[in-house]
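Labels run A, B, C and D following the written order; every chain starts at residue 1.
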Amino acid sequence: MAKIGFIGLGNMGAPMARNLIAAGHQVQVFDLNQHVVSQLAEEGARACKNANDVAEGANFVISMLPAAKHVQSLYLGDDGLINHLGDDTIVIDCSTIDAASAKSLGEALMDKGIAFVDAPVSGGVAGAAAGTLTFIVGGAQEHFEAVEPILQNMGKNIFHAGAIGAGQVAKICNNMLLSILMAGTSEALQMGINHGLDPKILSEIMLNSSGRNWTLELYNPCPGVIDSVPSSNQYQPGFMVDLMAKDLGLALEAAQNSGSATPLGALSKNLYTLLQNQGAGAKDFSAIFTLFEKK
Amino acid sequence: MAKIGFIGLGNMGAPMARNLIAAGHQVQVFDLNQHVVSQLAEEGARACKNANDVAEGANFVISMLPAAKHVQSLYLGDDGLINHLGDDTIVIDCSTIDAASAKSLGEALMDKGIAFVDAPVSGGVAGAAAGTLTFIVGGAQEHFEAVEPILQNMGKNIFHAGAIGAGQVAKICNNMLLSILMAGTSEALQMGINHGLDPKILSEIMLNSSGRNWTLELYNPCPGVIDSVPSSNQYQPGFMVDLMAKDLGLALEAAQNSGSATPLGALSKNLYTLLQNQGAGAKDFSAIFTLFEKK
Amino acid sequence: MAKIGFIGLGNMGAPMARNLIAAGHQVQVFDLNQHVVSQLAEEGARACKNANDVAEGANFVISMLPAAKHVQSLYLGDDGLINHLGDDTIVIDCSTIDAASAKSLGEALMDKGIAFVDAPVSGGVAGAAAGTLTFIVGGAQEHFEAVEPILQNMGKNIFHAGAIGAGQVAKICNNMLLSILMAGTSEALQMGINHGLDPKILSEIMLNSSGRNWTLELYNPCPGVIDSVPSSNQYQPGFMVDLMAKDLGLALEAAQNSGSATPLGALSKNLYTLLQNQGAGAKDFSAIFTLFEKK
Amino acid sequence: MAKIGFIGLGNMGAPMARNLIAAGHQVQVFDLNQHVVSQLAEEGARACKNANDVAEGANFVISMLPAAKHVQSLYLGDDGLINHLGDDTIVIDCSTIDAASAKSLGEALMDKGIAFVDAPVSGGVAGAAAGTLTFIVGGAQEHFEAVEPILQNMGKNIFHAGAIGAGQVAKICNNMLLSILMAGTSEALQMGINHGLDPKILSEIMLNSSGRNWTLELYNPCPGVIDSVPSSNQYQPGFMVDLMAKDLGLALEAAQNSGSATPLGALSKNLYTLLQNQGAGAKDFSAIFTLFEKK
């Protein structure tokens, strides 16, 4: 069993930390929200007084924060965590941030002899609670092997995408593609409906043909085709439009930085922005289906 | 066993007719190309002298032609087939044409008491030869039930999409979505490659995540990820860029006629046109991957 | 002065015919709407009993109809006008239709020795009333020279675009570009507004820079920048969204027929379809500005 | 006459500084390139030993640098210029950078009581040499009035776009719109050409119709329509594809930061990226016309 520092106990971080406690690790936690720190202390964690305190004797330090600026500030800010980490600690950043920031953080840590992997997740709050997250890891092979058993306590699929930063790149490639699948499937279903087809039948046909994709299988955007998905529940999230728009922002930044042409991803981003501007930011991302409806 | 008239013995039609002969039906065939008519006669079909001759005593008449104008001319032209079909013949048009033309042909036939289904196929030349085509059928329930056993001699999956024309609509919805999957997957893979990721690993990650789709599963557009698909064989088709562009033309016509917004489908169409204009029309449609390459 | 047959007395056709009467020509008119025929008879036209009657002794026959099917039916239908036109009549079709239909009509007429030009207009109802329309003419040089003085009685700018059909092509190229200018200008203004800029000042800057275009000059889509344009009058048309969408449909058909890549035109078309599907089809086409608003 | 510090003597900065010298100002210059500093010293400037030296007694300090990181480093880096500027100096940053960076620089300077305007330019190297640049200024009214006479020594049109940062926003709105005009005009011309129209005639028609825009007037992308523009000279720049792509990157960042939907701008950006990936980055930005050509 390991000693694990955990910083960032939000909707995702708290249940992830709980799963580490449940697996028998010695977990020491910090968050600006004292309430959630106390809660986790009651559940078996050690409450830390500040961020740097989580580094104390830790084999692993895990961070799960909202954006790159928080991650940078935590590790590289004035009196940052970088100055408090031991040589044999491995840092695992599970935040979803841009690849360039992940790389520069990794380089800064490696310069001081501290191992680093970026390990963004997918699977949402439900996956965090159930311990079924997907982790997409960037970092050296030996570090991947070292962190894999820890991540398995919180997730089901653990992928090694490549060098430092590759976890972020792979996640953002996947989510950009997901937005295209969702918007494209929505377009196709609406065109069928406009011609009088039954969306259940059309979905069934495409699911068994070359139009098959994850959204048709598990997350149909048309209300009533699959029970128990957000579209059949007034588009209650699930994965919010605002979060998909944030990920698409990271994707376009990654495209820009690498000179990649992503015309469908860029269009998809703008369709999601139109949806946000109609006030649907807090709905599930499958609500893109409604953008194509005849009102 | 049935008596079946078959018109249109091209790359698709000839092997389809062969499968009907092999199943034991009495098949009578016509094509403007006398050579292929003779060939099929040697294989057991009755050679007809003209198109109208195929109607003679037929339980079913099947047509497999390149475009709507050929279908219209065949059935509704001067001294068209409509005047030679018996009351108890069921017409099965397997051509891929626009839904509006399919509907108006169906109406013209029904007005004369002749049953009609549109039944476009997918699966390509290989599927036609192997008898594993997918048929997407539009027409009345009783007519679907009547034609289903015949279509099973030529295909594996037989779907009933709805009323007359619905087969064409469903096929075109599927193929529009397929073009989006292919182009979107290509973009995502290229962006990963531009960041130094291995496309095999990135494909594997997305295939096991929410980016999963038919192209990643069975038809990866990046050379070397899946052996034996067109991308690993210099983009030898397969399903040609020119044919995908034709189907996308039908899709946009269907969108226009129904007031459907299909921004990703329209963009995908234009990316395929850019590819055609670079001289790649005869390559496999997965060659859209090369459009996003850094030269 | 000439003897001129005129068919199609709608919002555009009626004032055009009036301007011909006012110029002193002998005008003989027909429309399915008897009321407007009677009105024009009171204003000096000869009322015709049917479409073919307008051909009687005419130097020119002008048609102004809603769509290609009406034009084809008029000239080439059963007992069509083609059978009643004299050898020395010049046919001027002012309808906005697809180029392929214009060409095939022109060929059918030329085969019978009848001269033809396509001459679609821009300038709207106001321009028709004021006699300030723009005519974009396709046809032989000698026919252009023959019709030019007649068109000058109804318009201000008379362009010769090329051979038969070229008038339609040039008009549709222009209107596709116009939709791009309008949507692009709207995007740019909204982005400025979202950053706190005054749209009047931003418009003034872009009008004097390389962003200058017809919409900024004469038809600003942002309410309050230019008085007396539709955007400053609740987007009362003007040129309706539905009509722009129709023209964009013709443009994409022209792109399809010629293998032209028009990605921005196709996207613009789909943005206009989204606007229609929100119920704004009867507003002025500058209302595309509202699609980009934060609600 | 004023004492003016000038930092950044590249293709744009050097001729701008020359025009200030020619106008009789006392100009003190710095650049990392010693050669150009010596040149300007021979032409009447005072050569500074380092960046901070240009602040010495200056009424105005002007910077003209390639990107935000250079600007930030110059003013706000270790021992940055901010520590060497007098209270009565007005800082004029003419670099094209993102609005957020301009705002935060402005705030940092204002906090120390130093006046700031952002004043990005358009007009290119030719305009810099001729003293005919356009300046788009963001800052307080009194500071605009103070810098206007100085900018008039280097340019012809001096606009006041709004508060600090507004100059960058307005420029980027304009250049995003320009890219849309250029790509849209190219599409429309190619579609006309594909139908057999003469691009000179089609350009003339659209220039006199509602398709009129700056590119048709002054910078036609089709070779041979306007002499002496880049398209008629093998697309020698002019304004490079790479620079337009950079500006479009800033535009999309500005869209992202403000939640603006810019679907045409985003598509235009990706078309320019496709062009870069074909190896055309160093050509003039009107070369987007060639992307739509049939090869």
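One rule holds for everything that comes next: contacts are C-beta pairs under 8 Å (C-beta built on N, C-alpha and C of every residue); 3 or more make two chains touch, one makes a residue touch a chain.
Protein names from UniProt, one per chain: A, B, C, D = 3-hydroxyisobutyrate dehydrogenase.
Predicted model, so just to flag it, every value in this text is computed and none were measured.
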Check: Quick one: which chains contact subunit A and subunit B both?
Finding: C, D
Note to self: Just to be sure I understand: going only through chains that touch, what's the smallest number of steps from subunit B to subunit D?
What the structure shows: 1
Margin query: Quick check: more C-beta contact pairs at A-C or at B-C?
Written below: B-C
Margin query: Report the chain whose CA-based centre is farthest from the CA-based centre of subunit C.
Written below: A
Notebook entry, point to check: Quick one: subunit B and subunit C, Cα centre-to-centre, how many Å?
Noted result: 38
Note to self: Roughly how far is subunit C from subunit D, centre to centre by C-alpha average, rounded to an integer in Å?
What the structure shows: 39
Next item on the list: State, to the nearest whole Å, the distance from the C-alpha centre of subunit A to the C-alpha centre of subunit C.
Entry: 52
Item checked: Multi-chain contact residues (two or more partners), subunit C -> 255, 259-263, 267, 271, 274, 277, 291-292, 294
Item checked: Residue ranges of subunit B touching subunit D (in the complex, touch as defined) -> 263, 267, 274, 277-279, 291-295
Item checked: In the complex, subunit B residues that touch subunit C -> 249, 252, 255-256, 259-263, 266-267, 269-271, 273-274, 276-277
Notebook entry, point to check: Which residues of subunit A touch subunit B in the complex?
Noted result: 99, 122, 134, 136, 157, 159-163, 165-166, 169-170, 173-178, 180-181, 183-185, 187-192, 194-198, 201-202, 204-206, 208-215, 217, 219, 251, 254-255, 258-265, 267-268, 271, 291-292, 294
